[in-house]
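In the two assemblies presented below, subunit A is common to both, partnered first by subunit B and then by subunit C.
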Partner chain A sequence: MEMDNIYLKVPAKPEYMLVIRLTTSAVASRAGFGVDEIEDIKLAVSEAGTYVMNHDRSIEWLELTFKVDKEKGMWIDIFASKSVHRDVPFFDDEQIELSFYIMQSLMDVVEKTMDNGVLRGIKMYKKYGG
Partner chain B sequence: MNVTHNYNSSTNTWEVSLSGEVDVYSAPQLKEVLHSLLDQHNSSMIIDCEGLKYIDSTGLGVLIGVLKRVKDNKGNISIRNLKPYIKKIFTITGLDKIFLIEVQE
Partner chain C sequence: MNVQASTKLDSENLEALLREYCKTRDIGLRNILVQKYLYIAEIIAKKFANRGIEYDDLYQVASLALIKALERYDINKGYKFSSFATPTIIGEIKNYFRDKSRIIRLPRKENEMLKKLEEARIHLSAALGRSPKSEELAEYLGMTTEEVLELMESNQKTNPLSLDYYIDEDKETDLSAVIGYEENGYIRVENRDFIDSIMDKLNDVEKKVIYERFYNQRSQKDIAEEMGVSQMYISRLERKILRKLKYMFKNSI
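Let's look at the complex of A and B:
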């Protein structure tokens, strides 16, 4: 199985979500996804970053790993620099659930990554033609 | 993100043009602008999204909050000129049944 890995580490601040989206679009395009799929992946990854940040304002970094399987699809891990402890969310619970629902609708797999029962990040997968 | 607005006094409607990208960074600004419009006239709103390139759940949350306030005053929000990939987000979240989505012929 041929696999390319791409890594991105950005400050966990709202102003860097644009950097995450631009990078995600470029990686998804290079991986061979179509225009509509790229839009799906871009929104889902951006939602994941926002979802993690919205739970804890003291997170320092967001680390993203894109794993491109050129025959099947792409895995994306979005990790916080530390476990997420619920602080004061930027937005309300209703919206946070809307965010997760959007991710699930756009991707083939979306999983919360837990660390001793506490959210640490989100892992998602998009298959080609999915 | 850029927001321009005009109050049409003959139809008692806010005409808003929303362009650029609305995300967790710019959504607070959008919230402030739209609520300040309602502070002036709590009336129906038409939002032209021809120049809108991206909106996420934080932006949708702002629009939902504004819609609640407008509906409390018997008004509504029409959204027009959505790009297909943005209309898809309104569809999968069911928001196409809450907002008036105008489709171009």
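Let's look at the complex of A and C:
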């Protein structure tokens, strides 16, 4: 199995979401996804970014790993600089969970990455033609 | 009462309402719930805006999907309503994109210019009291008349016509009747010509095998019995002839 890995580390600030989105679309396009799929992946990734950042505003950076398997699909791993603690409720739970449901509807697999029982990031997978 | 307590109370209330609605399926109750959950439709519709369809349209679609989701939701299955509604709404929005978005997409620049053209058309129609000429549109937009005409043409081209669309006034002829198709006649003539020319190069047995196999569509076994040989022999012979034909075909082109 041949995997291409792409890494991106950006400050966890809203203004860098654009960098994440553009990188995501470029990688997804290289990976061979169609325009509609690219839009879906982009939306899911930015949801993941906001989801993590909305949980905890003291995160310093986000690290994204794209793993492209040219035959099957693409894994995207979004990782926060530290474990995410819900310090302040910015929105009520249902609204913040909505982001997660949106990711699940757009991607084939969405998982929360836990670190000692605390959220650390989100891992998602999109397969080709699905 | 602080904010957190009030939202908590609210969500408990909502759940009680949902439970009640799942039991009675009362339409008045449904409408109240739709109001309460409309924010989900709004949030999701916003996420899909800027993909070529107006936000207002998406909000409509999402709201309708929300109603559908409510009607199909069963609280006893143990899911949260929002986790059930989100995929339903996204699914409906995606269907809408599939149906409504243009099959042939214009470059973004042309899309933007088309919007400007439409604005100019409305503005000039109002200002002149009649529909503007293409020269007037061109002058207003600061481009050439040809460019305006091209834009108008490209706008047309993105809407595919139905094959059942009548092209005459009597509604007798539809588009599919006059549309071109691939003419196979020529290639058939060429193939026949090729087969005639190479059949001459085969010996009588080979000719017979090919003729019986592919013209009369008989089985290898059948031919073998008639010729008094084994089926294996015919099979091998057939493969050999076909290889020969393939070779000749390659060399003829």
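The criterion applied here is as follows: the second predicted complex is superposed on the first by the 126 of 130 C-alpha atoms of A that agree within 3 Å, B and C clash if a C-alpha of one lies under 4 Å from a C-alpha of the other, contacts with A are read in each partner's own complex, and residues count from 1 in each chain.
What we mean here is this: contacts are C-beta pairs under 8 Å (C-beta built on N, C-alpha and C of every residue); 3 or more make two chains touch, one makes a residue touch a chain.
Note that the structure is predicted; figures quoted are calculated from it, not measured.
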Message: After the overlay on subunit A, what do you see for subunit B versus subunit C, clash or fit?
response: clash
Query: Is A:E2 touching the first partner subunit B, the second partner subunit C, both, or neither of them?
result: neither
Message: On the A-aligned overlay, A:I102 touches which partner chain: subunit B = first, subunit C = second, or both, or neither?
response: both
- prompt: On subunit A, which partner's contacts cover more residues, subunit B's or subunit C's?
  reply: B
- prompt: Now for A:E71: first (subunit B), second (subunit C), both, or neither, which partner does it touch?
  reply: neither
Message: After superposing on chain A, which of these stretches of subunit C ends up overlapping subunit B: 43-51, 115-123 or 241-249?
response: 43-51
- request: Go through subunit A and flag every residue that touches subunit B in one model and subunit C in the other.
  value: 36, 39, 43, 47, 92, 94-95, 98, 101-102, 105-106
Statement: So, in the complex, the side of subunit A touching subunit B is made of residues 14-15, 17-18, 21, 36, 39, 42-43, 46-47, 50, 53-54, 90-92, 94-95, 98-99, 101-102, 105-106
- request: Provide the residue numbers of subunit C that touch subunit A in the complex, in ascending order.
  value: 4, 7, 11, 39-40, 43-44, 47-48, 51, 80, 82-83, 86-87, 90-91, 94, 97
Query: What residues on subunit A touch subunit C, complex-wise?
result: 36, 39, 43, 47, 89, 92, 94-95, 97-98, 101-102, 104-106
Field: Touch list for subunit B against partner subunit A, complex
entry: 21, 23-25, 54, 56-58, 60-61, 85, 89, 92-93
